[in-house]
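In structure tokens below, several structures.
Both of the next two complexes hold chain A, though its partner changes from chain B to chain C.
Showing the complex of A and B:
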């Protein structure tokens, strides 16, 4: 039987699903990227392979997320697509009547507006990572809390502290100040969750009509503290799917299904040696940082250059 | 003699006219393309409140300082009460004069106080000891050639509206989208996805059309840009607003326009950090959505 693999490699976590012909998830996994997407994907594929029944053969591979290009090369993917499309398609396969998708990931956050299953508008955070998962996790580390315990702890608070929501740099100094004057940990954590929501609605969601049904997804949607404040501030129900963190991977798997051919993909990639080498081009004063990608010590691609000097070399 | 023209801000509005004018006197002009080194230099001289485009301008000056005899920096304040320039434009001369040890050629354009372009060019020529008669002749010749060249550019831009590819109007100041560094990333990415790029600054008399979106504005180039939206909104598929951080005019004008248009749009704000991957993701997803619609 045919199946399709979708991999979503984000800055914080790497997600993978395998679906069958009916878009049903037959294998799934979610692990931390830990700054090494290649190793994370190797680990991920191994986990997925063990979940997969022998009767299935992989007929399509899609990659999305910030490392989509690199991992696309590693897996020979037939589809490499940005996160917006992947998330929208993944969500629509489960909630065909969704009107708004709120998504907060590791370094990107976005809002996607849908009407009758078609994307009508979207916005993404500007190029700064304020109010995203990486901010939450660095603050969790500062407060010495496991990121998994963050949400439950926030729910305990009756009196969330007010934290500046404009910018993470301000938020952080605010936070330190609040801790130094003796606020309880749960109040600070709850204040953080609330500031993430306010920040999101004031930046990404600015000027957008947020209609129900609202689906909240991305890694941060697993944080029940943030979910609570979304519901409270929007004054309406917000749906979080049990697979909310996998929507990007699911969407890209569906896209690869649509684009599949007769080609069969081999998931034995553990022994492929995959290296990237960064060099600084001295050709002109732009000093582009060029990434050269080697598969088993053979140069297969390079990117990052602003001219076509390096295109000829491979 | 060499005159340095910083390839930023003013360059994108006046360079051709200057070139034709100085050609008449066989005077050589020097300028360089923006690159990372120039942006770094600009950052060094600029204060943190300045917009990226102004930082780039200062970077160009730093690069030109020892490579020419004069640097040309006019002071353009307005073309009339309802056609004002960004305040940064009129302060450039004083800014550079204070920051750098360099000889500057300058002239004023201020229609409110009856200083028109010809008067400006006469002042410019006098600083180089040129005869008034020759200056006037050269100025008129330059104007004719300049107008012809502009007509060609506008024609090419207008013809693109009939293309069968996805047509994207870029609403941006000329000095951002035509810049070799910041504008090029956007252009390259759009070309990669087979989009036709239409420039808001290359149309005829669009300023008056801006009235349909707002009758309060008094910035010459902002009016021109949003007038272009009115002119071609029926023919385009999407709009990209390209702004350099922190541009005062755009932060007001774009916000105002975004509320009134019913076209898909993308608001791109560029800072001096190198975030090409982020720009690529945004443009790619924008084009995807246009294709889906």
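Showing the complex of A and C:
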């Protein structure tokens, strides 16, 4: 039987799913990227392979997320697409009538507006990482709270403090100040969750018509504190799927299914030697940083050049 | 700015008895130098032009020309002169357009100062040729933008353009320029293109410098062309020098519903163009500006309103010295996916 692999390599976590012909997830995994996408993907593929029944053969591979291009080369992917498309397709496969997707990931946040299964508008954060997953986890560390306990703790508070969350640096100093003057931890945590929602709606969601059904996804959607304030401030229900963190991977798997051919993909990639080498081109004063990609010691691609100089060499 | 150095060099080298130097092409070093000596929150074109000035001075230039007007651009020349003098450079800087007004008498006096032997008739003659050169270049550029995304052999448009510009540099009179232009337009039309029936059309609007200097917008138009998109851009030197007032007038008349008063710099024109793109059923609009560009920030809500009234997708980019190139690419790619998806509906 045929199956299709989708990998979403984000800044914080790497997600992978394998689906069958009916878009049903038959294997899934979620691990930390830890700054090394190649190693993370090798680990991820290994986990997925062990979950997979022997009767399946992989007929398509898709990659998305910030390391999509690099991992696309590693896996010989037949589809390499940005996160917005992948998230929309993944969500639509489960909620065909979805109108709004709120997504907050490790380092970016986005809003996608849909109408009749078509993306009609989208926006991504432009200012900085304030209000994204990595900010939350660094603040949890500062307050000495497990990131998993963050949401439940926030729910305990009846009086969330106001935190200036426009920018990570200011939010952090405001947070420290509030702690030093004696606010309770749960009120601070709740305030942080609330400020993330406000910041998101004022920045990414500015001027966008948020219509129901609203789907909330990405790593931060697992935080029930943030979810509570989304519901409260939008004044309507917000759906979080049990696989809300896997939507990107699911979407790209579906896209690779649509683009698949007779080609069969091998998931034994542990022994592939995948290396990158960064050089600075001295050809002109642009000093482009060229990244050369080697697979099994063979140069397969060059990135980062503004002119044609390095295209010819490979 | 892009290829416009060619008519500028042509004009000044023919009318002035001085050596004309072309500032080195803008590279990362230019913006690095410019940012280093500029106020942090000044608009990005200030940094680019300051960087170019420093590179030119380092190469031995001793006369600099700057223009000014419209918006904060009106303060560029005085501030840049002060910064460069403080750095210890010795040079003379002439601002040909002061406070947004091109005073013919003042320009004449300024040029006389640079070159005592300056001849008015010769000056006007070559000015005429240079103006025509700009107009022809803009017309050719317009054609290229419409078709470069569909060229069969990659690079054929760029190659021919380079060849044409080299020929332009050597023209002797307006007639031979015209003949050259006609000849090359024909050649451009002969370049093989593969344009499908339902191709995507995108309009690019926004702040002038960022639109016209490809390095400062991270080669946005090249990126769009690689998606096989037809590009429409209204802003060019022809607009800046000759059609500016006309477009502003039209804008106020045509876009009454959205704008009552004239806005700064090219903001009113952008309102007009947005309406034009919407009415002509373009698939998407891209608005770009340098960070901190006040007129364009002011116009964004109006543009947003027009785009939502006509249900045309629009995306905004702000560029400065620290913009992440990967971020731009991801957003552009998503924009392309979206407009393609809408088109197929």
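Just so it is clear, the second predicted complex is superposed on the first by the 313 of 314 C-alpha atoms of A that agree within 3 Å, B and C clash if a C-alpha of one lies under 4 Å from a C-alpha of the other, contacts with A are read in each partner's own complex, and residues count from 1 in each chain.
Here is the rule we use: a residue touches a chain if its C-beta (ideal position, glycine included) is under 8 Å from a C-beta of that chain, and two chains touch if they have at least 3 such contacts.
As the structure is a computational prediction, the values presented were derived from the model and not from experiment.
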(message) Should chain B and chain C be called a clash or a fit once both complexes are overlaid on chain A?
(response) clash
(request) Could you tell me if A:85 is touching chain B, chain C, both of them or neither one (first, second, both, neither)? (result) both
(message) Going by the contact rule set out at the top, does A:177 touch chain B (first), chain C (second), both, or neither?
(response) neither
(message) For A:162, using the defined touch cut-off, is the partner it touches chain B, chain C, both, or neither? Pick first, second, both or neither.
(response) neither
(request) Using the touch definition from the top, say if A:119 reaches chain B (first), chain C (second), both or neither. (result) both
(request) Tell me which partner A:24 touches in the superposition: chain B (first), chain C (second), both or neither. (result) neither
(request) Could you pull out which residues of chain A sit against chain B in one structure and against chain C in the other? (result) 66, 81-85, 118-122, 124, 126, 207, 284-287, 306
(request) Going by the contact rule at the top, pick out the chain B residues touching chain A in the complex. (result) 35-38, 181, 184, 258-259, 264, 267, 269, 271, 273, 275-279, 281-282, 284-285, 288-289, 292-293
(request) Would you mind writing out the residues of chain A in touch with chain C in their complex? (result) 66, 81-85, 116, 118-122, 124, 126, 207, 284-288, 306
(message) With touch defined as at the start, can you tell me which chain C residues reach chain A in the complex?
(response) 24, 27-30, 219, 301, 304, 311, 313, 318, 326-327, 330-331, 333-334, 337-338, 341-342, 345
(request) Please give the residue numbers of chain A that touch chain B in the complex, ascending. (result) 66, 81-85, 108, 118-124, 126-127, 207, 284-287, 304, 306
